[in-house]
Each structure stands twice: as C-alpha cells, then as structure tokens.
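Following this message is one structure expressed as structure tokens.
As written, the chain order gives the labels A, B and C, with residue 1 at the start of each chain.
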Amino acid sequence: MTKKRNIVYPYIPNSVPEIKREMLDELGMDSVEDIYKEIPDRLRFKGKMNLPAPILSEARLQRHVEKVLSKNNNCKGYISFLGGGTWNHYVPAVCDTIGGRDEILTSYVGEAFSDHGKFQILFESSSMLGDLTGFDACNTPTYDWANAIAIVSRMASRTTGRKEILVSEVTGPERKLVNQNYCKPDINVVEIKFDYENMCLDLDDLRSKISDKTACVYFENPSYLGFIETQAEEIVKIAHEKGALVAVGVDPTSLGVLEAPGDYGADYALGELQPLGIHMSYGGGLGGFIACRDEAKFVAEYPSLLFGVLPTTRKGEYGFGQVAFERTSYGSREKGKDFIGTCSALHGMVAAVYLALMGPQGMIDLGSGIMQRVDYAKKELAKISGIKIYEGFNFKEFVVNFDDYGLLVNEINNKLLQRSIFGGIDLSEDFSVLGNSALYAITEMLTKEDIDELVNALKEIQ
Amino acid sequence: MVKKIGIIVNPVAGMGGRVGLKGSDGEDILEKAIQLGAIPECPNKAVVGLCQIKEYKGEILEIYTYPNEMGEDEVRAAGLNPIVIGKIESGNTKSADTTKAANDMYDIGVDLILFAGGDGTARNILDVVGEKIPVLGIPGGCKIHSAVYAINPKSAGKVVVKYLEGKVKNLKESEVMDIDEDAFRDGILKARLYGYMKVPNENKLVQNMKSGSAPGEDAALDFVSRYIAFSLEKDVLYIMGSGSTVRGVMDKLGIKNTLLGVDLIYNNQLIANDVNEYTILTYLGKYNKAKIIITVIGGQGYLFGRGNQQLSPKVIRKVGIENIIIISTKNKMNSLFGKPLLVDTGDEELNDELNGYAEVIVGFGESVMFKVVS
Amino acid sequence: MSKAYIRKNFHEARWDEPMIYELSTRKTRGILVPEVEDEIIAEVGDVASYLPENVKRKTPLLLPEVDQKHVLAHYIHLTQETMGANVSNDLSEGTCTMKYNPRLNEALSLNNNFAELHPSQDIETVQGILEIFYKFEDIMKEISGMDKFSFQPGGGNQAVYCAASVMRAYHESRNDTKRDTIITTIFSHPCDAAAPATAGYKVITLYPDEKGVPDYEALKVAVENIGDHLAGIFMTNPEDIGIYNSNVDRFSELVHSVGGLCYYDQANANAFLGVVRAREAGFDMCHFNVHKTFGTPHGGEGPACGAFGCREFLNKFLPKPTVEFDGKKYYLDFDRPESIGKVRAYFGSSGVILRAYSWTMMHGAEGLKEVAAVSVINNNYLEKLLLSIKGCGEAYLGNGITRQEQCRYSWEELFQDTGVGTDDINKRINDYGIPWYWASHHPWVIPQPMTLEPCETYSKCDLEEYFETLKIVAEEAYTNPEIVLSAPHRSASHDIANPEDLNDPAKWALTWRAFLKKHGDQYVKVK
C-alpha cells in the first residue's frame, strides 16, 4: 500500500485540495461526509474497493491498453471471410473524422435550436436510408438490426391489432433470439419454412400458416445465407391478401443493385447500419434502422425518436422537431408504446456521411463489385474436390458445403487460421440441414489475390 | 379566414369572497356584498388576461363582447377594439345576461368564448354552449371548483392566443362544478358536477426530445377505460360513478350511461340509469357481490362527497371498501401532484376508514398509489 | 474570488447550411470503390445484370452526388452547429452525467486490434478484447457487490428490459407463474415502468412522501395489496431529484418478504462509487449506465451500454454468451440452458467497454472515490449559488435533506412573477454559450423544472459561470422579459414556425423526399 497521496486528476479540476477546501468552507462543511451523512451507516460500503492499482499517466495507460489489445489479431492482418451480421467494409477516413468530432461524439439529447447540426445529420441519414429502401419515412437508429425486427413486430401488431408474426426460418439466428425475447409474452412468433432446394422462402408453407391472425410477415433479402429472394412480390401479395403487413430485412449495401423493398410493395424495410462506414469493433459497430410507409397508421406506431424538418421562424432556415409526438395507437390499443432511450445515434450520423460520399454510383459499384467477387469465389471454390456450393443468386454471402471434404468446418477454420485466414461462419449447428457447411462473406475489401489464397489454402489443407 | 372570439365578463363575480360570503350568486347576496364594501375584482383580472390577446399574430381577429362592464370596458382597457353586441342594464347585470351573451356569441359562430367569472358563470355558459364550442375561463370568481379555468388570468390569455393561432389544437373535456351556496353559507359543503365543457389543452409539458412518444390524453383515457371494460368480472353488480372516465368504460361496453349520475350494470348489461341512493341500496340487497367504479372528480381530487352523493356511507359500507375501484389518467393524477385524494362522505368514521393509500388505475395494467385524506 | 467568465458576446456557429441533397452535382463522386480485377470480370462478367428482372433495382437511386471536400465541409459545418459536452459547459444535462470523454480513449478505439475485430473471430484471436471484458466485469462486481455481469444491453433501458426478462425467468423456474405485477416510483427513470410493462408486467407507481422520499407507507399498502402477485420492484436511488432514500434497504426487505426481486437502477451512481453499493442495499440486480458513470461519449444518444449485474442465484438466467476465464484462456460461454437468450446481437457495445476500462484504470479505487466526492461537493456548491437567485426554487426546498449528485430546481416563482418559464430560460442561456438543460422527464410533476448535474468534470469556474448566466437571465425575466421570451437569438437555429405541422401527416417530413413531395420547393435553400 502506498500512503495516501493528494493526486490532482487531469479529468477532475476540483480535485485540487485547496479548491475543494474553499468550496467546502463556502458550504460551511468540514468534509464530504457532511453530504454523505444522508446515507445511514448501515448502508455505507466500509471496505476499500479491491481494484487494480491506477495507471495515472496517459502514456502508461495507452501502453497498457495497447499491450492487452496486441493479443488480438484483426481483419486487416488476416484475410477475413466472416459476415453474418457484421461485415468488413472500407471505412472512409472522412467517416472517422466526422464520427470523431467532439461536438457530436460527446453530445447527447440537446434541442433543435442549439444542436441543429446533430438533428440535420440524423435527418439526412434517415432521408438517404429512405432513398435506398424506397420509403418516405425512416426513424432514428435503433440498437441494431435485431432490435429493429423486434420493434417492427410490435409496430405491426399494433397497426393491425393482430398478435402473430411469421418469420422466415433463414433469419439471422441471433436476430431470431432477440425478436423472440421481445415478443414475449403477448406476440406469437411462427417460423416459415425455407425451401432449401431453391434457396428461397417456401411459399406453400407461408400460405398454410398465414391467416387473419397474422400481423406481419418478415423475411430477409438477401437471406441470412446470402440468397436473394426472387419471390418477394409474391410474398407481398400473399400477405396483403390476408391483411397482413410485410417487413423486409435488408443489407443496405445491396440496394444499389437490388430493388428497393418500398418499390415491390413491402410495408417496412429494416436492417443494419454497420456496413455503412462503421468499424466492426468486435460487434460494437451495430445500429438498426426502420423505414416504412409515410402514413399515420404506420408512423404513429414508432416508439423511436422521429426528426422532421420544417421552416423556422426565420426566413430560409431549416428547423427540426419531433414528429407525431403524441402517438396514439390506431390498432389494438394496448398500453402505450415500447420503451425507448439511448440507442446508436452516432452510427446513424456516420452512415449519413458514408452514403453522401458514396452517392448513387458508389452504391451501384459497391453492390455489383461484391457480386462479381462472390461469383468468382463460388466458381473457384466449386472446382475443389469435396466442396459443393449451394446454387442460387447470392449477394455478399454464400454457403460452402464441406460434406465430402473430409474435415469439419471448425477443423478447416483452424487450419485456415494458421494461414492467417478467417474462414466462414460454421453453420453446422444453426443450420444442420445444410450439413457440414460454412457461410462465406466477401466484401469490396478482398482482392482476387485474397480469394485465390483461400482457394489455394483449401486445396492444400484437404 | 377571420377568427372570432367572444368575451364575457361577469362583473360581479368574486365579490362575495373577500367579505366572507362564499360566492355572489343571487341578487340579495350581491347587494349584501356591496353593502359590506366588496369591490369588483373580476374585471381587473379579466383585463390582465385580455392584455395577452394583443400578442395574437394570426389572421384577422374579431372580438365580440357585451356592453360596458360585461366585456366592452375590459376589452378597451386592454387596448383592444371590440365589436359590441347585446344590451344590458349597466350596474345591474344578472346571470341571465351571461346566458344571453353566450347565446348571442354561439349564434355568431365564435371560435371560442373567453369568460371571466367563477363557478356560477361557468354554469350559465354551460347551459347554453355545452360542448358545442370551446371555452376557457379567467379565474375571477371566489369559487373555482370547475376545471374549465386557466391557472391564472395571464395564462388564460396566452392559451387562447395559441389556440386561435392554431398552435394548440387539442381540446379537453373539463368538469363544470359548483357548490350549493346556500348550504355552504350554512357551513355544509355540497358540490355537484353540472357537466363538461371543452377547453384548449395546452400540453406544453410533453415536448421534449428525449422521452419519445407519449399517448395523448384521449388515448390515455381510451387505454384505461378499455382496460377496465375488459376486466369486469362476471356476476358482480358494478355501481358506476359519475364523470367522463367512468363514462368511457360504459361506452366501451356499448351501454347507455349517465354522465352526471350513477348507473348500475351487471354482466355487461344495464340494470338502471341515474339511480339514487335508495335504488342502489335496493339492488345491493338483490346481488351478492358488488363493486364501485369511480373516478377522481375535479381539480381538488375528490373521490367521494363531490358530485356523487348517491354513493352514500351506507352504500359504501354495504359494498365494502376493498371493492372500490378508482380509475383516472396519469396526467390527471400528476396534475394533483403533492395533493392527496379527498373523501368527504359525511360520515367521519367511514372517512377515517377510507384514509390511507388507494390504488388508482391509470392505464393498461398501470396504476399509482395515492394518499387519501378527509 | 470567482474567476467566472460570462460569454456575453457568444454566437454559435450558423452556417446557413443547405441539405446534402442541395449540394448535389450530377456525376460528382465523393469516394471510389475498389475496382474489380479484369481477370474476375473476364471470368464472371457483370453478375448483377444477370439477375432476374424482378429483383434488379429499377427505381433510380436518388442519393446526393457530392465531391469529397464538400461532403467533409458540409458535415464539419453541421458538427460545429452542435454543442457537445467536451466543448461546452454541459452540466446542463442532469441525470445524464455529462463527463469529459478523454481523447486518449477515442484513439484507442480506432486501434486496428480493436476497430477491425469481427465478432465471430476465433476465440484465440480475440484474447485481448475478452481480457478487457473480463477485467472490466471484475471492476463492476467490486463497485456494485454483485456476482456476475452482462454487458449486452445497449443502454439503461435495455438493461431494465433485461432485468424484467430475468425476473420472469426466475419466477417461472420456480413454477411461480402468478407474479404479474411490479412496483416502481414516480421519480425513477420512466423506463423503470415502461420496460417491465413492455415485458408484460402490470406496473404500480409510488409517489413520494411530503419530503420527496419514496413513500414507505405507500409501499407497505402496495405490497399488501399485490401479495404473491408481486414480481419485484424497480427503483432508482437517489432518484432524479437528488435525494438519497435512506430507507432503501427497508424497501428491498419488504419486497423480499413476499418473494419479489429487487432491481436497482444505478443511473445516478456517479456520486456513490466506493460509498454505497447495491449489495448493501439488499438488491438482487442492478445496472450502471456505463456511458454516463465511466466516462465514455454519449454519441448524441448512443452507442451506449447498460451493464447489467446480478447475484449468483440469478447468474444462470443472464443473456448469452458470458465471458469466462479458465485460468489460461478467455472464452465465451454459450452453454447456458436457462438463459433468457439474447437482448442484443453479439456481446454489446464493445467500444464503450474498451473506453470505460481505460477510464476506470486511470482512476483506480481512490480516484473513483474522488470522482464521487467532487461530484457531490460540486452539486452542493452550485445549489447554494442557484438558490440565491430570485425566482429560483427547488423540488422539496427546505425539507432538511442535503442533496447528493444533482438537484431538480424549479422556476415556478419566476414564472408566476414574470410569465417567463423554464423553456424560455433554457433558450436564453444558449445566447450565453450554455447548452440546453434537462428540465425533467415527462411528466413534469415539479413545475417549471430544471435538472442539473455538475459532475466531477466541472470546475469551480464552470459552476460560477453557470450561476452568473442564470442570474443574468432571471434578472432579464424581471426587467426585460421580451428578450428572454424571444430567445434564442444567437444559436445555430430557431424554433419551427408552425410546430403543430409536426403532428400533421400531410405536412410532417421525416425524409427529404417526403419534404419535397409535401412542400414542393417553397422552402428549399438551393432552387
């Protein structure tokens, strides 16, 4: 134990003993105990917290944290084929600059007149997501894609007054879990079968399960397994005939080349913001969005903050405010709305910067380039004996089957790891129907050389 | 579009208070008040409120009012130009003049009537306009039990301006209550709920960026009444008290109801409308189990003893305190913040038993604990 | 002697910035995407064009087309029109603990060994970040006295939801399925009622006694009424008005006596680090708003983290996976059959954990106690100054209870005297460079409220600047109310002219395309 020092902490200006003394004198108090006296002795923590010794200087602290982090290996050093909910895309330097500006990074609630910039950036973010998805309404960010599904389940249930949600079986497994937990106890989640022959939703199963109790049909396009849903309009038709709504989960990077859900009749589009200029950060880069029809019966059900633009009291000035503040429930009038709070606003702001940089041509180039690389990888991998590729239209991800390869996916991944390659996500547990398979993701970050390296490695380790 | 506002001032309202007469309704009382040296306070308060109307920045505004002290003087004193209608005998106005003024303004088609007075004035206007046009009261009388008044003269003027400018759109059903002045002067407090009028509801409290969406007052009322309607038990006689929250429950069940009176229902069927104490007791003899559903009446927070005297001590005892269900909305309960709920059954012993804490249901599965005193 | 400096000539940046769409020039590019190698193209062709017609995008993508410099400038202009805590005297946002967020931690969060980690990477390749998760969990356990933590919840709200889910799982595991009601208090955060309600619980809210402390007598009646239907209690302590509930252990005792669980919302924990803990108060679960108490940026409302902690007997219900250590290696434990599942994808806001770990390591046990002590001293100092202002009061003024980390003030007297209310003052202080303050959560049960939390970040000069500014504005309310009522004058923007249009589906606009459809070009800056 070192003896008590009077440390002046750079982040605590009034830790200077003289200043503290001066303030206590002003208050007529001897010590801070004159304030804590309101806490009965029996509730006080008597011991000393057993915490690691402090590292007071930034220089040593930086060294310490960097040393711990150096035990990691990252997707810049390794060739990564991991996806499934977080993807390795390029983060433009401009995104880091804006996302790191103290003005917005350290802002919080604020009001539109003094935090005007934050509101405008979030409005622009919603606007661009609306353009991508084909909707006129979009919220401020939710926690993540999974959270967006859960919110839409409840929104659709209120709008329709119905208590059942049909969800495609091939939805991200983690997303399914989150949605199931949020729908408890009153909303029933039923899975729709996936047609693994044709790699699309099983419409017969959908028809057999949909009824006038169904609030909403949710499917992902592309699906979790990377397949583009070719029957989207048909699904919309089946759902609407029963008075059910349709929500489509999308990867926003696909929408330069794939049709916008709003334009094939869906009622909601939702998805993940992380691919739009946000670092993966070990799963901390997530943020969700929900776009929907700009009609009161949909908009009124958002639990989220909704920022709208209108002219201010000064001519030629944009101002922002909360749209439909008192949202009454049009459908089943259950208790109020879901709870909301601090979600992922910063990621929504960074997504705005990303989409502004990319522009329409950037999104088209990104989408078509990814599809080309994926197709190339599929073709090359299919040439390897023991490897089978599930056919279908894939966007960023595809399923590689190793049933006849002689090694389990985790064994393969271990061997790839030795060659500084992160192999695809092991599907053998969550999708046992696909056998010994893995989900491979390819983004614009990978070159032909990287793909060839994977192909060679898989040839060699067999 | 031209906006039209009607202004009615009850020049003699508030005169009884200072001289201890508890109201000035009735001509002899007024005379007595003047003899005792009462000075008219209501007109001054009216001017304070009317001054705010100068801040109006909307389209053309026509101000209709009655002559002299019934509005004309006050409007001019506030620096505004009125269109004067009607006739009065200056210095000798009566409640009939208030009624007539309200009637004329209704015929003209004003967008809102702003009146200054007390509970008696509110009742006179209620008789004419009911819920047909919005009103707002400048508190000027000595009895203010009704909920149709702004908290002070200045805010009355401000809210009206916002309403006329379209910045406040919601209207809220608010109670018109009055006490029986004769009985009150004899030391007996008897209050009655006379009806409801619509007042602009400036819900300034909810516009912040963090707390997200909130259901409006109408929706809140809808939630709670729906919740109660669908949780009524079978084979229980429900004694439904007065007030719009309880009416909401009956509406959900599609049962005809009495806003200002007590109704009886059983297994979602109407037994009797607008019953008195005797009828309630008769039916209580016929059914094994009964519950009372009441709401909080008025800005004072009364459960019993105001507007529902039919629910007498005998009735309450027979039903049992544990079988009283209190319903309200969150906003209404929060507007009582810091004040307890009140009971005045006229039976001290029963009052004592009712004291303590009561659960008030305020939404779908939501309730609050409130202190009850007598 | 005060050195407080009043920013009398302040003016916020006002760039008169158009929308990004209005800066668009056809065919301009902001960034180029990596080209596909010729060999790939030769082998596969233009894959997207072979898609079936019905899945191909046909509607034109109307994103703006702006070169990089102008994208950068546009967004820098907008950031400059925002008052973040690091650049302003933001003791304004009470209940939010607006600390200084050290730049060092931002630099660390961009380290490739953190920023470029995929959450599905092999465990061997993420030992560093798991070590940080694990060690930060140890720190949180020590601070709270709880036995196990999950960092999955993305904020306080989600932590409360997680608690409601754990509560349900616990009672169900005992086949005790009738417990359908929870209790909370009116000055607890609204999510303490809303999140359990979303999870299907009935909610009973307690009001405070005449001193502003949660009413124990009311709790007794509520517990008696609910009996074995009581699932648990969710409460904040101190509540948002800064009064410590000295009966808090009696609350937990009473709830336990009928078989309920107790949840401690520690959103206001900053002033009690090393002073009091959830364990001593008798609680079974708690959460910390890591982004508040442990110095990480709020990001304009996220990403954030609500660290959820519980006692050992509830451990098995925690969301999966948990981070564990087998003596040699850190690993993720997914094998938790009784887990409530997941509340969030992956492991939560890892960036918040990394920064919070670094922040906490700089302070240590002694430093955390210093954080707490300075926070309560700051608050009492500011309170004394503010209550000397004519027109300024406080919730439960004169109840004899010393306030802890924050105060809920009330401008009711000023409002009655002058017609200038808290919303007006809030706009006027912006003319002196002070950011918008937190009035109160909805509903306002304290009239004309203002909630300030001068945590350890704020210097004596900051407190005095805040006081002097409010004093000037209050004086203006008495002498020249119009200047307050017409504020702000020097902020980045002003109030919407017709706020009621925000509630009109024909006029509201959540996106630029909706704005153009509904209003044409009548309001656009660049025609």
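The rule we apply is simple: a residue touches a chain if its C-beta (ideal position, glycine included) is under 8 Å from a C-beta of that chain, and two chains touch if they have at least 3 such contacts.
As the structure is a computational prediction, the values presented were derived from the model and not from experiment.
Relative to the C-alpha centre of subunit A, the farthest chain centre belongs to B.
In this view the innermost chain, defined by its CA centroid being closest to the centroid of all protein CA atoms, is C.
Mean C-alpha position of subunit B lies 40 Å from that of subunit C.
Taking each chain's centre as the average of its CA atoms, subunit A and subunit B sit 50 Å apart. Averaging C-alpha coordinates per chain places the centre of subunit A 19 Å away from that of subunit C. Residue positions 206-208, 210, 214, 365-366 of subunit B are each in touch with at least two other chains.
Multi-chain contact residues, meaning those touching two or more other chains, occur in subunit C at positions 190, 197, 438, 498-499, 503. In subunit A, 109-112, 305, 322, 324-326, 335-336, 340-341 are the positions where the chain touches two or more neighbouring chains simultaneously. On the subunit B side of its complex with subunit C, the touching residues are 152, 154-155, 158, 166-167, 169, 204-208, 210-211, 214, 330-331, 334, 337-338, 356-357, 359, 365-371. Listing the residues of subunit C that touch subunit B in their complex gives 186, 190, 193, 197, 201-207, 215, 217-219, 221-222, 225, 416, 419, 423, 438-439, 441-446, 498-500, 503.
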